[in-house]
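Structures follow.
Across the two complexes that follow, subunit A remains constant while its partner is subunit B and subsequently subunit C.
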Partner chain A sequence: MPGLKAGDSFPEGVKFTYVAPTGQLDLTTCGLPIKYDASEEFKNKKVVIVAVPGAFTPTCQEQHVTSYLANLDNLKAKGVDQVVFIASNDHFVMAAWGKANGVKDDSILFMSDTGLAFSKSIGWTKGDRTLRYAIVVDHGKVVYADTDDVPKSIGKSGAEAVLSKL
Partner chain B sequence: MSFRTAAILATRVSRQPLASKLVAARTPAAAQRAFHATPAAFIKVGDPLPGLEDVLMENSPGNKVNLAQEAQALNKMILLGVPAAFSPACSAKHIPGFINHPRTKEFDLVAVVSVNDPFVMKAWGEVLDPAGDHNIRFLADPSGRFTKAMDMDFDGSSIFGNHRSKRYSILIENGKVTSVNVEPDNTGTSVSMAENVLGPA
Partner chain C sequence: METSTYLLILFVLFIVGRAVFADRSPIPETSGKVFKITTAAEFDAVVASNTHVVVDFYADWCPPCRAIAPVFSELADSHAQAGRLAFAKVNVDHVNNVAGRYGVSAMPTFLFFEKGSPTGVAVQGIRPRQSVSLTGDGRVDRIRGADKAALQAVVEALL
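Entry: the complex of A and B
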């Protein structure tokens, strides 16, 4: 199944792994991992899922995360309850990446798509990484889903693109 | 398939030397392993490091490191394997233990290897060694082949989604291993800690 599209229901049984933010930015400590039941959580929220090929890699770091950090208020104004970044990296790396970006609360959650389970299930992977994509789920329904196929571009999955669809 | 196709295939197959056909048919696993540069074997005292020249990476995917070759040119070095960059024990205990140990400066190099990609290892190195002390380098073994060649991998799929490196500390002199200290449960923090390997701080 090639990806999701507006009008689809968000699939059941999707789980990610993450480490809950602790209010501090020390990258040498790390809490224990928790399973996040995405399918359940998304049933009563408006969420943006952003998938990136790699934490700490150039485009993901310099453009993608920063676009969301800069637009958090705009997203909240359009009713977004949560932004979740996922990647094939493990939860330790994702937690550190969040802290490295100065995020110490749950304004943006950084999670691992462990084993690429979710991205594989919708066919949006390349090798052992996710594609770069964004999905907006509004109370269980997909209202936007698209991938950036042009390398280094966030034209479809950056914050501005998502905002224009909300 | 048609009789003609079958006949052509049969003729082709029958032209192979009989011996190699039998070998291939009888031992497919061995035939696969023959393509590995270094068969996997638990690394022990006296061994060199796996002689792989395009597996380990430093800072970026294009920057390959042949650690076995570098080790041969050094008097003494320490090789530290960790299950996961940025994980608690790796970040708070294992690596800092060696960075802060007084005897570490007797070694020409400390190399940290993990089954992570080079971007992650570079970022982690910047956290653990912000001053950029040139004696400690953070190397990525994203395919796990270097780690597997020493038989130092374990199945971490349930937590990490792939095989990872056990936690180990190996001492090497003139390119040959002189001491191997691997955590019996793969991830604990006991025998591979600096105080155990280098003596009390």
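Entry: the complex of A and C
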């Protein structure tokens, strides 16, 4: 499995879809699915992409998202501008997952790797789902990229692991 | 079965029924004066041929859009003036490139065009709130959400 590794450039043409969070306007607005041009956005930001096999699945829910929610300030202190969670689920499911985790703003964005396009392009998929991985992109360059091959473990892609590499 | 079981079943049916029978039919447009945009070219033509255009970005499946539709229609009926003040609705599912152009991320979003571009509107006494975003110099940049009072205030300021 090729994947990405530290030192690579983040590939061009990577796009995700997501529903923009509406926060306190939840009762009077409906979020609109929009395309996120990841390759463009990552050129001037420091971003952590976290891929999970599935929204709402046990490990992802109990450990993965919570580890990032708990470490948001630590990540910001190390210069991370944005945390993006992706999965094979569609953008509506991802938006609901974000809301279920109480994320009302854009501190963590929940996006769909539509059709597994990105994950397939780097070979980090298993069947219809992405592998569990984390990639740190700093202004277009990959600084850290690793997958968790041990089931139920977030040792390589959890917030603590990523923090230790920043 | 016990009463509580009946009540539980009725409750579940109520919740499920609401979701299943939620209105996804096209939101009716009652005003003949609202431009129902179907293409980007049509949109460009409307904003080019009217000094001021109030644009409603909406979707049929969005309940707040359905709720504010009659308000929008009524404003169009009362205040539209050919060439000077027009009202247009853009269904984001059918005309999706136009919404993307203006960074529309929630619906309904109301944008106010003057001479072809989105322009802030100076509205006396409007207080900034979640649904009303202001430009740097205090003009209303856009309205996000079904905020009837804000929409009426801005349209009145355009008259």
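FYI, the second predicted complex is superposed on the first by the 158 of 166 C-alpha atoms of A that agree within 3 Å, B and C clash if a C-alpha of one lies under 4 Å from a C-alpha of the other, contacts with A are read in each partner's own complex, and residues count from 1 in each chain.
Here, a contact is a pair of C-beta atoms (placed from the backbone, for glycine too) under 8 Å apart; a residue touches a chain by one contact, two chains touch by 3 or more.
A quick note: this is a predicted structure, and the numbers were derived from the prediction, not measured.
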A:93 touches, of subunit B and subunit C: first, second, both or neither? first
Contacts of A:114 with subunit B and subunit C, given as first, second, both or neither: first
Which superposed partner A:143 touches (first subunit B, second subunit C, both, neither): neither
First, second, both or neither for A:56, with subunit B first and subunit C second: first
Which of subunit B and subunit C A:25 touches, first, second, both or neither: second
Subunit A residues touched by each partner, larger count belonging to subunit B or subunit C: B
Subunit B versus subunit C as contact partner of A:72, first or second or both or neither: neither
Contacts of A:161 with subunit B and subunit C, given as first, second, both or neither: neither
Subunit B and subunit C footprints on subunit A, overlapping residues: 27-30
Complex interface listing, subunit C residues touching subunit A: 59, 61-65, 92, 99-100, 104-109, 130-131, 144-147
Footprint of subunit C on subunit A - complex, ascending: 20, 22-25, 27-32, 34-35
Residue numbers on subunit A that touch subunit B, as the complex places them: 27-30, 33, 54-57, 88-90, 92-93, 95-97, 100, 112, 114-116, 128
Subunit A contact footprint on subunit B (complex, rising order): 84-88, 91-92, 96, 116-117, 119-120, 122-124, 127-128, 157, 159-162
